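There are two complexes below, and they share chain A, which is joined by chain B in the first and by chain C in the second.
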Partner chain A sequence: MISLRNIWVVAERDLRTFVNYKFMLIMRAIWFLAQIALFGLIVNKMFKPDVELAIGTSYFNFYAAGIIITLLYSTTVFIGYDIYEEADHGVIEYLLSLPVSRKELVLGRSIGGGLRSFIYVSPMLLFVLYLIGVTNLLQFLVAFISLFLFAFGVAGFSITLAVSIKSSDKFDILLGVVDALIVRLSTTLYPLVYMPNYYQAFARFNPLTFAADLFRWGAGIESTVLTNPAVAVFGIILFFSIFTFLGIILHERRLEGGGWQ
Partner chain B sequence: MKAVLHILERDFRYFFRYKWWIVGMLSMSLADLFIMAVVYTRMVNPELFIENYFLFFSPGIMITALFAAAFMIGREINAEIRREISHYMLSLPIKRWKLALGRVLAGGLRGMIYTIPLLLTTLFVTFVLAGNVPSPLQMLIIILALFLISVGTSGLSITLALSTTSFEKYVTARGVIYYLLFFCSTVFYPLNLIQSVMPQFFAIIAQYNPLSCGADLARSFLLGYPPLEPVMILDLVIFALIFASLAMFAYMKIIQK
Partner chain C sequence: MPPIIRMINLTKKFGNLTAVDHLDLEIEEGEILGLLGPNGAGKTTTLLMLTTVIKPTEGTAFIGPYDVTSESDKARTLIGMAFQDPKMLWVSTPWDVLNWHAKVCGLSTDERKKRVQWILEELGLWNERRKTVHTFSGGMRKRVETAKILIQRPKIAIIDEPTTQIDIVGKHKIWNMIRTLREEGSTILLATNELYEADMLSDRAAIMHKGKLLVCDNPKKLKDSIPGGDIIEVVLEKDIPKKSLEEVKKINRVVDVLATKPNHLKIYLNKAEEMLPQITEFFLKTQAPIKSIQMSEPTLDDVFVHYTGLTIEEAEKK
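And then the complex of A and B:
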């Protein structure tokens, strides 16, 4: 039997430890501002007029919405680094000794990992929404809830990788490579129609594509180049379910027994 | 000179400890070029600014990678000051100025080593797509420009690292400088576009930004545009001289505190 209270206690702990990463949080905020205020504004004027027609808004708005999803992704994956920190300092053994089941532990961590990123990203998300303007509240609520699931899914993904690999060096490089590919092979930075076919094949099924296009749809950007919202919601639910399930299984099997490098 | 070589060797050993970081950064740079630039090439308005964005961006990514790698030394030096490893450094039978020179040069040379794969990629790309092969003299000037950027960046990063013992403050200042120089440069877009979109203050930064000068200098040899101007080389020489000297001076002062 899973106790919601136990899950919340684990999640709350992760929320509190997030403050320790204040330098990372500051860096990400500066990165976001630079991306929007410098890169986004300049690149907005660099493209053909048909880009704006295709995406149904200015490229700046399209890009700002995508950057929020990138930020949400990159702050959420940090939960994996937390696990290595804990392994380094012997905190994993302490966590295992708590009267909390393994399932509650991993669910709490996924929720905590996702929630803390969401709280961090919220002011910037509101700023982007202010820039774009929300036209349909119901659409926005659907997108907002889906983004929560997306963040929990990313946390589950990061936990799954961390406990599968058990080597901080390998995790670091793998996450770096995944980050390089998953962001660029998605619609966070550009619409699917402008990608060559061989990139489209990956981008079409990328959870970041689902999240970015859904967020744009929620903010009221109307365009045929965006992923169908129903498909995007389904994709995010699938992503969340797979990685939460995998996270639970692997967490239960691999967390004990040491072997952390 | 032997003492400086010892310092260089030490810093190179440290650099290769970050091999995973290096591989991660390289993959990001290559993904920027082979994914982002490929897609942007299909979106960029060729009538306005650039005909082939992929070609345009190729020398730019080499410069950003060089900058990021040369900047790493600052983080190490900031950590050494906080952990008082500088006391150990002072105990070495090496003159202070040689120690400082070694650190600045090491930072610069590490950046150069890291950039080699990206330089080769850029040369390959410009040869295949534009049919341009730089002459030996042009190649030498490109390498010299990369070295100047690298040493200047290493100096800038060391100066910054020594200006505060707080890691948070260092990281924040680094973030501001890092992204300002990255995005306010001609690495991603041409100068005339920046001038037409951004306020004059940012346009001036972009024009005299060493990253812009380095990227445009490489483009002038590898792509044939923009035209090479002596101010580009002068800018890089001044940048390297100022920040290498500042870093050496600051390093000699701070480790004696």
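And then the complex of A and C:
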């Protein structure tokens, strides 16, 4: 029996910890503004009017919606680094000794890790919506809730990687490679129609594509979206479920099997 | 009443190293059991298995009615642990650490605030409650760690070296709080390598060495089990020759002699007060001037020496 109270108490801890990373939070916000104000605007000028004709909106709008998903992803994976910080201070052993089940612990951490980055990204997300505009509120709400789930899934993914690897250096390198592949092979930065067919095959099943397409669909720039929103929502739920399940299994097998390295 | 903790053939191996070797031990409800042994004896590994942080390689343990290998979630609802090394992020404050610990253990808001304030005041940390723990000394961090269990008041409190790095006044305060915890209904498993601490607090002491349980009984019986009820400790000006050491053993009523250092002897014997002049005379004859001499009763340290042939320090080095 899962206790929602326990899940929330675990999540609350990760929310509180996040506030301590002031430097990271400020730098990420500056990174976001630079991407929008420099890269987005300049590349938009380069692509006019070909891209607008192909996707039915400006590249700037397309990019602004995509970069917010990239920001949400990169802020959420930060919870993996928390795991290493905790391993250094022995906090993992402490968490495993508490009267909460492994399911509650992993779910709480996924939710906490996702929620904290969602809260952080929200003002920037609203700023992007202000730039793009919202045409259908109901569509936007569906997309908004799906992004919550997406963030929880990314947190579960990061926790799973961190617990599997047990080395912060390897985790850092692997995350760089995963980031290069998962972001570049998605529709966050460029429309699917411009990708070669063999890249499209990966991009169509990428959770970042699901999230970016859903957000664009929610924001009303549907002409850029090739994924069926229902499929995207299903894909995100699947992504969240798989990595939460893996996180629970790994907590039970790898950590309890002999503690942290 | 059945024991509240039962360890059955409990074993943990890390590769070729057997950290805990087929441990069988039972702890009664309301008891304080001191788990004694040098560093590396397997105490902490045993505690981590009981708290379900790591899984046994072989055997199992029961916490109340719950098997730690198959009902770990239920077992943890009865347990609270204060770790040997403080487990907290250094960006946290003592207030946050303890408040969250109390919350995750299910205390109501009012009770939580009351207990956190009480423990911070008792342990002299109230004025530092909003400072991050990275500014704290080792002793202060250790107090925060031990405070977790004192506010949680679990059915079974597992405490790993609660007073390491803590000054003597703080030690007495924590010892009193541990006794109060027991009076309020907790069963306490206390791991320590401070024999005096175990002697002061425990109803029974279990001595571990190299992952094995050597002996478990109440401290008085353990001390009585040493042949020769008294000890004369002699510190000499210079190292004692091996030949003289053998001669001491031959003195009437001397049961055993242990050289804890080349010039430091522990002589186990009966009726020490009557034997003192004879012992003094012996060393005068052997041209080994006495620096100091004193009579004492056996301690748990002597019990450890009796069962392992080593002092705690020697055992740690090996």
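We adopt the following convention: the second predicted complex is superposed on the first by the 251 of 261 C-alpha atoms of A that agree within 3 Å, B and C clash if a C-alpha of one lies under 4 Å from a C-alpha of the other, contacts with A are read in each partner's own complex, and residues count from 1 in each chain.
As a working rule, a contact is a pair of C-beta atoms (placed from the backbone, for glycine too) under 8 Å apart; a residue touches a chain by one contact, two chains touch by 3 or more.
Given the structure is predicted, the values throughout are model-derived calculations rather than measurements.
Of the two partner chains placed around the shared chain by superposition, chain C is the only one that A:V10 touches, whereas chain B remains out of contact. Taking chain A as the reference chain, the count of touched residues is higher for B when chain B and chain C are set side by side.
In the superposition on chain A, A:E93 makes contact with chain C only, while chain B stays out of contact range. Of the two partner chains, neither chain B nor chain C is touched by A:F144.
Judged by the touch definition given at the top, the superposed model places A:Y81 against neither chain B nor chain C.
Those residues of chain B lying in contact with chain A across their complex are 20-21, 23-25, 27-28, 30-32, 35-36, 38-40, 42-45, 48-49, 167-168, 171-172, 175-176, 179-180, 182-184, 188-189, 193-194, 196-198, 202. On chain A, the positions that touch chain C within their shared complex are 6, 9-10, 12-13, 16-17, 20, 85-86, 89-91, 93-94, 96-102, 256-259.
On the side of chain C, the complex with chain A involves touching residues 14, 48, 51-55, 72-73, 76-77, 79, 81, 83, 85-92, 96, 100, 103-106.
If you check the complex, the residues on chain A that touch chain B are 22-23, 26-27, 30-31, 33-35, 38-39, 41-49, 51, 169-170, 172-173, 175-177, 179-181, 184-185, 189-190, 194-196, 199.
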